[in-house]
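Below, chain A partners chain B and then partners chain C, in two separate complexes.
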Partner chain A sequence: MDLAHTRIAGTTVLSPAGRIDHATAEAFKAALAPHVARCAAGQDRLVLDFGAVEYISSAGLRVLMLAAKQAKVQGGILAVAALQPIVREIFEISRFTLVLNVFATLDEALAA
Partner chain B sequence: MVVRFWGTRGSIPVAMTTAQVQRKLVAALTRAAGRVLDTPQKVREFVERDLGFAVSHTFGGNSSCVQIDAGGSEYTLCDLGSGARVFGNDLQAARGPSGHTFHVLMSHPHWDHVMGFPFFMPAYTEGNRIVIYGCHPALSEAFRRQNAAPFFPVEYARMTATIEFVQLEPERDYEINGARVRAKLQRHGGDSYGYRIEQNGKVVVYSTDSEHKQDDPAEVMGFVEFFRNADLVIFDSQYSLADAISIKEDWGHSSNIVGVELCQLARARRLCLYHHEPIFDDERIAALLDETRRLEEITRADHRVEVSAAWDGLEIVL
Partner chain C sequence: MAWRSSSDGTPLSNAERSHWSERRWLRALRGARGRPLGVGLLVVLLLLLLAPEGWVSLLRPLRLAVFDAYQHQAPRARRSAPALIVAIDDASLRHLGQWPWPRTWLATLVDRVAEGRPAAIALDILMPEPDRLSPGRLPGLITGLAPDAVAGLQRLPSNDAVLAHAIRSHQVVVPMAGLDGEGLGAGGRRAPVRAFGADPLPFLRRFDAALRNLDEIDGAGGGHGLLSVDIERGVVRRVPLMAAVGPSLVPTLAIETLRVAAGVPAFAVRASARGVESVGVGDLVVPTEADGSVWIHYSPHDPSRFVSAADVLAGRVAPHLFERKLVLIGVTAVGLSDHQATPVADRMPGVEIHAQLLEDIFDGSLLSRPRWVGLVEGGLLAAGGLLLILAVPHLSARRSAGLLVALIVVLIALGSLLYLKVGILLDGAAPALSLSVLYTAMLVVTLAEGESQRRALRLEIARQREAAARLAGELEAARRIQLGSLPRAADVFANETRFDLYAFLDPAREVGGDLYDFFPLDADRLFFLIGDVSGKGLPGSLFMTMSKALCKGAALRQDGRVARVLGEAHTELSRDNAEGLFVTVLAGTLNVSTGELEYCNAGHETPYLLPRRERSLRRLDGGGPPLCAVDDFAYAATSLRLAPGDTLCLVTDGVTEAMSASGELYGRSRLASVLSRLGDAVSASHVGEAVRSDVESFAAGAERADDVAILVLRWIGPGATGR
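Moving on, here comes the complex of A and B:
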């Protein structure tokens, strides 16, 4: 999976796109891994800009959960921002909004 | 084929509290304000038509027991949780105490799935025959131990029905009470087994106490095949997905999200949420059902899955 990334004032912003489902979750995990490894105390914060993500399955959510857990252990901060309405609903129904840092917009995530 | 739910609660039986009963009464009477409900008939119609499920019904509190009724003279059950007590009493009241044969498919011998058996009155009646099928080698031992001191006052030997245990192997087809039955190993502490039951062109899958990690495509596809084109999938949805893969990881249960995904991939016709979380009240389970229906709708491609939530007393006609 192509994971476009930019750096904005001490934050690395990753921008996955399309569907994160059973077919693409492994590739998403692999693309995310080096960034999560660097998401630690004293390092860049990591924000996943989900503006171009159309769907996420349980396998994709699992990748996010593992990434967030790893970041936490390392003392880093990982957030997800700008969910499309459908993806936002999937986050709510799966209760991921209760366990991940979720922001309405990328600006809010950067300002937090 | 009729699927009848006698016990649908997960982990431990629960009873409605006074506070919950009063909440229903307040909601119903508030709704009735200003209406002329001066006969029992009018009240009944109002209850049935104008009150939502969570006010007019309860999901119930008995633990796992489901009857698969394909119309034969013998009975097929999945699990013997506390719902089996109600089934046994109903049956003996309606059809007499003796002369019955029961075929029971056991998912696993955890407490909530066997605890109805000491209270299953047909077992204490001569002339009944109970055949208990399962893949666990120590299944009969589990039943004998719970009907013995110090757990229970009446010894297993006092059960005068004929009780037989039949060891099944997973991934093999068996003919049981006229149905083709296949068991599948599931991820659960001490193992559990799901059952695919096919009869008269209808397919029911009973899959409870099953954790799905969804990180191994081969394992996912194994369940998709097991659920393939089923008319009904009865699915353990006790936890939210977030809980199932964080604080409750390895506790052995699944979520509504995974149920919808697997049924979509398998092109199953109906998904029935089952093994409800004991701390959830009726409003909470009803809300979970609404959310699950919404999830099915927003993630649907070209195949619709009809979603329901099991309750003690529900009958689904296939």
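Moving on, here comes the complex of A and C:
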């Protein structure tokens, strides 16, 4: 999975796209890993721009959960922003809003 | 004992005897796709090709056939006509009578030719014995001659003397024939030869002796040349320009005639350590093969080379025809059979072969096969062979055959081109044949290897099938165990009238990560849960089993207080969760006597309370993250009082996220609309089956991606039994 990434004012923004399900979760995890490794105290914040993500399965949620746990251990900040309605519903039902910082828009995430 | 190892002398057991294809030396030969074998074979073929003449003659007939084919297909075109043949032909015998003629006639013939002032005359007729038709011998043949007639005859000169006189007068070259295995010696006159460089004698074609003319005639000759040609496999291709008779060097008739014509006293033979290089007459230098021979480049039989002896004797031939010609007098009559096979004709008069040699020498059109040609042939074979050895194992049979054909075409084209343009004899056929042999061997080895690979592949496939079948069998057993661990309402709550339960679980693969459970805590309270592990297949199913067991244990220990149950299950599950899996769980405790419901949702699909009378479909919100997702989360329970007839429907995301063949999600709104219509359903199974069949028809034709679980709980009421 390609992860477009940009850097905006002390924040690394990653923009995954498409479906994150059992077929793509491992690739997503591998693409995410180096960024998560750098997400630590005193480093860039990491914001996942989910604007182009159409669907996320529990396998994808698990990748996010592991990333969030690692970031937390390292003292870094990891957030997700701009969820599409279906993905937002999945986050809300699974209460992943409690696992990760979720922002309605990328601007909100950058401002936080 | 055929099977006896050489090292210790003990017989080999059956186990130690390997199948031939397993033997190490054979494997080594065939290793690397048969290349060691190919290289070995190429070396043998090279040795055969480069072996000196006479060592191994496997390829020689083929080579000669190729050279003959060149000449047969493209014979030399006659440019000059230095030689003229006076032929004692069939017409001559018809007019003048049987052969041998009296030698006086030959003397007349020589005189007539000489009148035309030729450059030289050579006799291609060998006369070792005296003429029996000489006058002095006639009395022995004719009886009844008068004594004075006999005396008169005996006073006349012999025919041989008459011929010797003519020969001496016109410096006619006379022949001799090389003999093998007879000790007649090589006495008599011959032209002197000066040798330059190495001694040519050891290299030259060797005759033990020579059969010469009668001394009287031989002594009169202006030159002495050998008639002998080399007949190899019945065909005259080469003539020794210079040969050894005993210890002496003797020229062939044609070049001796040239010497006499040029008035040069001696030949010059040049030789090196590798053999004879050339034979020279005055300014003329003719390069030769190492043995002093030359390859005749034939033109077809040509009648214009000949005049009939009868015509010459009858004065019907203009004398100027002989002017400055090399005139060869020979016998061509069919009955007198001095004919040889040549590459261009099956029967060619011997005297014409000498004439053709003279033409070749004049025009510089002799063929040659220098030393380097053999090396070039070897180099071509080596290069082509290595190419085949490298390429054949990688190419398809059709392509490698194409490569072979291309190589053969190149070889034959090169050979033809060298013959046509520069008269060099390069044999493309022997390397081509060798390459074909090599190709066949490489192909067989490659095919054999492919066959054994296919065999190995078949074995491997069979082994994998067996392994897959074994795994499938184990998975099938795991499925039975997993599904068997799920309770069945009819068994657990037989004769239950206060509530009604429907449970359904269908893993996407053999085993899955969805779970449900229900059991009575006591006479009035029912504990139930539905859950979904973030994983499928074997890993998901193991975590599912663990989750189910831990939740049940926690439920029993915490007496059904669901927030504590999930808190404890969360702690226990998180303790040994190396894979970082999580599980969503909705757990509830229903007091079936009062309708009091307490539930707690850990990140699971929101449960629905089905519509009833004035109430519409209701989602039971609230809860926390999945178990194991967030450390130390304090789960909180929600309480609710059901009315008799209320129905709860719990599903996993295998329902809400089922996908149609066109890639559309089933979705929660679709579930909600189905459930909205089921408010007055009479049983839990009615609701459950309705949901299940709606999802199944929606997802028909699409690949199942996720496990599906449905749990429907309908509270009928406190019950008449009053339990």
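We take it that the second predicted complex is superposed on the first by the 112 of 112 C-alpha atoms of A that agree within 3 Å, B and C clash if a C-alpha of one lies under 4 Å from a C-alpha of the other, contacts with A are read in each partner's own complex, and residues count from 1 in each chain.
Everything that follows uses one rule, which is that contacts are C-beta pairs under 8 Å (C-beta built on N, C-alpha and C of every residue); 3 or more make two chains touch, one makes a residue touch a chain.
Since the structure is predicted, the reported quantities are computational estimates derived from the model, not experimental observations.
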Joint occupancy of chain A by chain B and chain C, clash or fit: clash
Touched partner set for A:27, first chain B, second chain C, both or neither: neither
First (chain B), second (chain C), both or neither touched by A:59: both
First, second, both or neither for A:37, with chain B first and chain C second: neither
Chain B versus chain C as contact partner of A:3, first or second or both or neither: neither
Chain B collision site on chain C, chosen from 80-88, 656-664 or 674-682, when both complexes are overlaid on chain A: 656-664
Set of chain A residues, in rising order, touched by both chain B and chain C: 22, 55, 57-59, 61-62, 65, 69, 86, 89-90, 93-96, 98-99
Chain A contact footprint on chain B (complex, rising order): 212-215, 217, 220, 240-243, 245-246, 255-258, 261, 265, 291-292, 294-295, 298-299
Touching residues (chain side chain A, partner chain B) in the complex: 22, 25, 55, 57-59, 61-62, 65, 69, 86, 89-90, 92-96, 98-99
Chain C-facing residues of chain A, complex: 21-22, 55, 57-59, 61-62, 65-66, 69, 86, 89-90, 93-96, 98-99
Residue ranges of chain C touching chain A (in the complex, touch as defined): 532-536, 580-582, 584, 601-606, 623-626, 629-631, 633, 653, 657, 665, 668, 705-706
